[in-house]
Amino acid sequence: MEQKLRQEAKALLEQKKIDWIIGFEAGSLKFTTTPLITKDAADTERLVINPFITNNLASFLTEMKGRVAIVAKGCESRSIVSLIQDNKVAREDLVILGVPCPGIIDLAKIERLVGKERDELDDISRDGDKVSVKVNGKKKDFTASDVLFDHCLACELPTPQEYDILLGEERKPSPELKVSGQNIAALKELTSTERWASWEKELSRCIRCYACRNVCPACFCQRCFVEETEPQWVMPMPRWQDNLIFQIIRNIHVAGRCTDCGECERVCPVNIPLRSLTREMYDIVDELFKFKSGMDKDALPLMVHYEQEEAEDLFR
Amino acid sequence: MTVSDITKRPKFFAKDNVYLPHIVVIEKIIEETPGVRTFHFNFKDKKLAREFKFESGQFAQCSVFGVGEAPFCISSSPTRPDHLEFAAQRVGRVTNALHRLGVGAELGFRGPYGNSFPLDSLKGKNLVFVGGGIGLAPLRSLIWNIIDNRDKYNKVDIIYGARTPADLCFRYDLEAWDKDKTINMVTTIDREAEGWTGRVGLVPNVLGEVAPKAKDAVAIVCGPPIMIRFTFPVLEKLGFTPAQMLTTLEKRMKCGIGKCGRCNIGNVYVCRDGPVFSYEQIKNFVSSEY
Amino acid sequence: MSKKVNKKDIAQLLKEWSQQFNVLAPSRASGVAEMTEWDGKDTSFLEWYRNTVVPPKASFLPPMEEMFRFRKDEEGYRIEPPSKNGQKQLLFGVRPCDARAMAIVDMTFEDAYKDPYYLEKRRNAVLVGMGCTNPCESCFCTSMGTTPTDSTNVDLMLIDIGDYFLIEEVTAKGKELLAKASGLKEATKSDEAEAEKSKETSYNKVTRKLDTTGIKDRLLESFDDEEFWTKTAAKCISCGICTLLCPTCYCFDINDEMVKGEGARFRNWDSCGFPLYTKMPMENPRSEKWRRVRQKVCHKYEFYPMAFDVIACTGCGRCIRLCPVNWDITQVIESVPQKVKGAK
């Protein structure tokens, strides 16, 4: 798959069919990759496809000018479809290099299961449903579902449904989707008072780095509501109440566009279980409107189109 | 350029804490243009009002309590210390709140901060003031300072302009300077306007027409960044060296004392090493972000 | 002769010190690794390889801090300066990179106008350092003027020698701390030799290297190389992680809040990476991402050295580990072009 990707990407750039390629290359730390954004055909040699291609590259599309070839797992293709439906990016400006994805490995889960930090691991490899971790020369095997990201366990679209070139065998979603992950299940067990206290604890750690917002492909506003001063909707200080308001409003703003790609939770440096909020919003949107962002490439964007047969009596 | 030596600058800390503001009371409000107001104010603490000192070019962080703080250059002259003045254009949260205040309202005041116009190096020179819009505010502090010590300085040319007649600020100053026979006052507006019988032309162009001589002269330029950028080449053409051109730079500021980081141009903090700079210094900045 | 303390006796030592100081130690209890008030028993941090996520600078420059309160009554505004609580803090388990970073940040807060909030906390604090035995692959402290066991900027430094820590007395404050401590033993000559070996082993475990020779000049010459900076900034997402969690970053924002005539002025962490950091009403000199990325790199590796003769980076590696896109400062510094002639 990697070889084919590199060949295709190189050809596209050399034949001037595109201006930019966005993909993944090896990161500067073990078991990481980093986005590769380049105009240079020679750089395509560095493109990789491996179990650590975590980022949702679609978030870069709104700032790119020109024609772009983008490596897209299922989650990226959903975000891309959503962006196209919102007119943020034009389909004809894209060459989508589809990568059927078996799920991405969550290093934090491996660290917890093995009891060692990632610097101490010698190797991590995946073979089908088995993930092998080598530490100090000894090998430990895990079932893939124990070490993949929560959002990968809930993946409804492993194979992009919108693509120009498909770089591998199509994969179907797992028959048993584990939607909630540990955090959401635990939260649902609590009373609402307990849940409020739990969120106070989680959001007290927030430092307002806005990584959750900036990695999100659905957050494409030029000026975010937190940056407004007239009026000042939310104070910029990291008080837990202001942090909570920021998260709630952000979730409301991306409702109908969020594809549950899980990036917000992955990037949070202080481990706030943000996906608990985004997934809950995602499920509410599905329940109310029977809509899952990015799944149907011919759908109209949920929050900006109106049918007379709407659910709300208010608008009839 | 290493960190500026601030030891000789006047300091008036409330309770030894540079971040604590003094309370000042608005005594008079002048509506210069629909968007610009001048505030006359004084310290609530009469002793401080008597002791307070500052120099032309310096600024202060003035605040509307509960809304925020913003930097404003002190537009009154140190030679007329019975009250202080600053001018504010209504452009954002703090200035909007400021414009809703009336006489008697209280503000926070932290200052004076920054460096000042190098008066010693201006003595005996011909001075060319070039100002645009509200940019006249820091210049007027210096101009009145010079008028109050007139014999120490030589010729004075003032070239000031605004977009339209309604945008001319400090009209009472323009009239006074026009009447002053030791000053050559040139007022201009950008484009023809009904009822305007005065000069028409963009400030840099009018400067080129007035063509003050560069010998033994210093030009002090203040206005919107775009006006400054077009004025420097005109001065250069007239024979002014970069060391003969002074200006005041503007940046977003919060602490005003070189700590919060945001007003930097390279290793220079506009709040601490400025706001007054010569074009020569600007050319030597390690950063081109000015 | 130095003293040593058994790792099992650390809890007892901290308990004693808790009687005079507010003891802060690394902990994950809040959900993320940071310095928090010691809970009285947890010493699991002694086994950690990695630094805390939130640097100890948060004890002196907190994410959010009240500067003063104000009230409006019939006579006008009243300002209530913060009460000096004079609380003495003891930060236990500070890594050399973070300690050096504090000394670097001190230079800004002491310079010209003194910052009372930061300096008061700093002067009332004692630092007990803990050397690193297993530097991570993101660490590059040895290239940035310090080592995994450097005691320069702490009051006491603990060097791991197996079951014990050797305690290096660094300052008078540190000596005073030890004088009141029980459970300490005299270190033997073999302990001291072991400590030296431990230091050398740790030093050699730092594999990430960065050559900073001439970086100040290379950055000066490349300042206007828009192509280089655009390429460098391409994958950055302009969040604040690298700056907010950097131990040598200190930029802050100041905001007022008032409800029903009572309020306060706060300061909180801010980042040069945020788009509105330099926004003025009529223009924003850094609205473009590449300019902000350039500012961050140049501030740390060019402007700060120009002012204070020291690079504002201690190789702690947090920015590399925590960046959502694995943007790596060491790769960027290495790639800054040499002598770019008039590139615009």
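Labels for the chains are A, B and C, by order of writing; each one numbers its residues from 1.
Heads up, the rule we're going with is that contacts are C-beta pairs under 8 Å (C-beta built on N, C-alpha and C of every residue); 3 or more make two chains touch, one makes a residue touch a chain.
Computed from a prediction, not measured in an experiment: that's the story for all the values here.
Student: Which chain maximises the distance between its CA centroid and that of chain B?
Tutor: The chain lying farthest from chain B is A.
Student: Can you name the chain whose C-alpha mean lies closest to the mean of all the C-alpha atoms?
Tutor: Checking distances from each chain centre to the full centroid gives C.
Student: In whole angstrom, what separates the CA-based centres of chain A and chain B?
Tutor: 50
Student: Quick check: how many Å separate the C-alpha centres of chain B and chain C?
Tutor: Here chain B and chain C have centroids separated by 38 Å.
Student: Could you please state the distance in Å, as a whole number, between where the Cα atoms of chain A are centred and where those of chain C are centred?
Tutor: The mean C-alpha positions of chain A and chain C differ by 31 Å.
Student: Of all residues in chain B, which are in touch with two or more distinct other chains?
Tutor: Each of 92 in chain B touches at least two other chains.
Student: Touching two or more other chains, which residues of chain C qualify?
Tutor: Within chain C, residues 253, 255, 257, 270 contact more than one other chain.
Student: Counting only residues that touch at least 2 other chains, which ones in chain A make the list?
Tutor: In chain A, no residue touches at least two other chains, as defined above.
Student: Could you please specify the touching residues of chain A with respect to chain C in the complex?
Tutor: 27-30, 32-38, 55, 59-60, 63, 117, 119-120, 201-202, 204-205, 207-211, 213-215, 227, 235-239, 263, 266-267, 269-272
Student: Okay, in this complex, where on chain B does chain C touch?
Tutor: Result: residues 1-4, 6, 14-21, 23, 25, 44, 63-69, 89, 91-92, 106, 108, 224-225, 250-252, 254-255, 257-264, 266-267, 272, 286-290 of chain B touch chain C.
Student: Going by the contact rule set out above, which residues of chain C touch chain A in the complex?
Tutor: Those residues of chain C that touch chain A are 30-32, 49-50, 53-54, 63-64, 134, 136-138, 234-235, 237-241, 244-245, 253, 255, 257, 266, 268-271, 274-276, 289, 320-322, 324-328, 330-331.
Student: Can you name the residues of chain A that touch chain B in the complex?
Tutor: 229-230, 232
Student: Please output the residues of chain C touching chain B within their complex, sorted ascending.
Tutor: Touch residues, chain C against chain B: 67-68, 70, 72, 76-77, 79, 81, 108-109, 111-117, 220, 223-224, 250-258, 263, 265, 267, 270, 272, 277-283, 285-286, 291, 295, 298-299, 302-304, 306-308.
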